[in-house]
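The first chain written gets the first letter, and so on, giving A, B and C; residue counts start at 1 in each chain.
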Amino acid sequence: MDIIAANHLTKSYRQYRRFPGLIGSVRSLFTRQFTEETAVNDISFTIGEGEAVGYLGPNGAGKSTMIKMMTGILVPTAGDIRVLGAVPHEARKTNARQIGVVFGQRSQLWWDLPVTDSFDLHKTIYQIPETKFKQNLQMCMELLSIHEFVEKPVRQLSLGQRMRVEIAMALLHEPRILFLDEPTIGLDVMAKDQIRHFLRMVNRERKVTILLTTHDMKDIEEICPRMIVVNKGTLVYDGSVEELRARLGNERRVVIDFREDPGPLDMPGITLLQEEGLRKTYLVSRSESTVFELVSRIAARYPVEDASIESADIESVIRRLYRQLADEESIGRQIG
Amino acid sequence: MTPYIMFMTKSFTSQLAYRSDVWLRLLGNYFAILIQVEIWRSVIGKGESFGVTIDQMITYSIINTLLVALLLHGVSGKVDGSLKSGSIAVELIKPLSYPLYLLSDALGQTLYKFVFTVIPSLLIAWLLFGMLPPASTVSLIGFVAALLIAMLISFLLGYLVSLLAFWFMSHFALSWTLGGLITIFSGSFLPIWFYAPGWEFAARMLPFQYLGYVPAAIYLGNMSQVMLWQTLLIGLAWIIALLTIVQWLWSRAVRRLIVQGG
Amino acid sequence: MTFQLFGQLVRLLMKEKMQYRGDFLLSAVAQIISYAGDYIVIYLFIKRFDTLAGWNWPEIALLYSIGLFTYALGASFSFVQMSQLEGQVRQGTFDTLLIKPVNPYLYLVSRGFNLAYIAHITISGSVLVWAMLQLNLHWTWIQYIYLLIAIISGSMIHAGIMTMIGAMSFIWVRSSYLFSLFFQLKNFISYPLPVFGTVVQLLLTVVVPLGFVNFYPAAYLLDNDTALMPAWAMWLVPLAGPIVYGLGYRFWMFGANKYQGAGG
């Protein structure tokens, strides 16, 4: 069953421009000009109940705008979006009870009051029954280890602690979908790990559908089997992480420890990436020959101590995707 | 001197970003002057009362309404802002005098208001309500001097408040109190010569009269020459006194800030 | 939005304020000093000129106090909420309001319910009672009830206008200068309306009906000159508040819709 369905969804904004300089500011006393900016451009996809989807794209790709349309904050300019079978902005209040939203950069907590006060208020706003509230709170506090600081005022919490609280709060009313806008931004590795494990559990065991935007590919790798990539408002990839890797990741990194410096290798299809004494990292394109073959050929000709083949990490895959898009675009511009 | 002029131009140009405010500000000033003019018309009528003519009171009201745009005690809000956000540390690292930086920043804003609000408002008021010229050349010179004194005293008072906020940590309360004292003792609505005797005495003993009453009274030629120079001299004395207090507080505040920061 | 939720919000707001008890008290005292300044200047004025448009000092004190008291009540539900809206819209924090299963207006207004107006209420309430005692009124209970209704209605006028200005944040992005214009207009009603010309009287009766906040009710209650309005118009006073507030609410919701992109 589709829990979210976007159909040719478009959102554009008007951006008013200011005129520069002194004369410009006098001029802007009298006139106003704007440009139309398309943040989301004709995007379609569906998400089934229980999925975990990463929504990726460079800054300004329209990720937040998409989340805002799905949560009913913004109304699309064109196209159609359905969440839980309803149009989000029309069914804003009823949908709000069934979704949880976490904005990484916008706290919803009471700065000067203990964490518990924010939880209690949430209970009243969402009219959560006492027993259900207690159960969920208990579960979240344990798994996110919130116990230690639940009586502290929010202003004394670290960023990681605060984010854990935000996520816990978004789950107290048992939402069917959890939207997270950059939930791990600015956190340290430990905090990120704990949040990823928790979200993974929430998705796999509690069957909560998750949609998250992020810049950290690790988030995707650990939580989301599926990813949607957008660039400048348009959808450029929708599918599994594995598939994308297969499509773009036809390069592998090979790390070789030499017994003595071999000098430049006389071998087609490899590029030296990095050099740390006798340990050298190469990029090998797979189309030329299989990586294993290549490594054994090197080992036959040069004094190799040890070699290891690394599969391309998702981050470099994505980076390649963006680069490829940028190239296509500049070619397009040249032709056009 | 150049960096300070740069700060001034920077704050001047940053004000330019606010379109549409200009119109509303002009309208606001018009309302403010209208209220006072109508009140004076209603108690003085067309002639004069207590030796003051209606034209003089209209001029008095116009000067005082527009003078507000030139006063600088708003700097305390800026200091408070950088104290709360912690950006004060960055400002203190710069090899510059912090008060001079504040003053040039505030002057830039004032210059903006002067060009875009005070001058057009003055024209409007002059056309709609009529305004007397300065009583004499001496009055005009005295008036300009009094304006400078008003700006400096208001700056120092605002700065004093922001320094006191280092200790009391309640800038809000201090600035409201300052506002109340200015309302009562500046004579910007009701000229001090109309005050009941006890209140008049108090107002004349305090520096707040320089932020309203003094410039307007000098402009109208309401002071004898001797009294004019005497008033300006006392104004200078106030500036020196405030400067001394502020300097002393500043040195202690910096020490306190360093201790807190470490 | 339930009373239970409002009650809980007020409890949290009080708890929050009590964290900075000293600061709260100092601020209240400072605000009282500041408003005392306004009273003192008007007092000095009347002491010199005896009356203003036929109103003596206790009458003016009553007029001014109703204006300040109703402003404080209305502003506790609107001023900070509406003047901060501009920034919230710009920074996107307004969005967090729209993801809650509540009416965004009611939540915004209650979440920002401002206890700090206690200072305004204290000083204006005390002066109001003092002025009523000075005036030696022989009122029946109808007049007392009329005053009470007028105060509620006046608060709604203030809140309604400020709500409209706040809604401009959605449309115009900047609204702060409209607030200062509003405060300039509000200065008119510190004095009896007949002081001003017909244009201003019309402006404050029809366009921005601040005259209904304090001048008309006070003039009826004190049997003073009611300027433009005939005697039966005293019954417009209880209506003005709900009408202005209702319009303000509708306009705010229209603005919020526009922000969401529904209104074009």
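What we mean here is this: contacts are C-beta pairs under 8 Å (C-beta built on N, C-alpha and C of every residue); 3 or more make two chains touch, one makes a residue touch a chain.
These numbers were taken from a predicted model, which means no experiment stands behind them.
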Min distance from chain CA centroid to global CA centroid: chain C
Comparing B-C with A-C, the busier interface by C-beta pairs is B-C
Dist(centroid_CA(chain A), centroid_CA(chain B)) in Å evaluates to 53
Rounded to the nearest Å, the gap between Cα centres of chain A and chain C is 46
Cα centre of chain B to Cα centre of chain C, whole Å, reads 28
By the touch definition above, chain B meets two or more other chains at residues 20
Within the complex, chain C is touched by chain B residues 18, 20-21, 24-25, 27-28, 31-32, 34-35, 38-39, 42-43, 49-50, 168-170, 172-177, 179-184, 189-190, 194-196, 199
So, in the complex, the side of chain C touching chain A is made of residues 2, 4-5, 8-9, 12, 15-16, 19-20, 91-93, 95-96, 98-102, 107, 260-262
Given the complex, residues on chain A that touch chain C span 11, 68, 71-77, 89, 92-94, 96-97, 99, 101, 103, 106, 108, 110, 112-113, 117, 120-121, 124-126, 153
Within the complex, chain B is touched by chain C residues 22-23, 26-27, 29-31, 33-38, 40-41, 44-45, 47-49, 52-53, 172, 174, 177-178, 180-181, 184-185, 187-188, 191, 195-197, 200
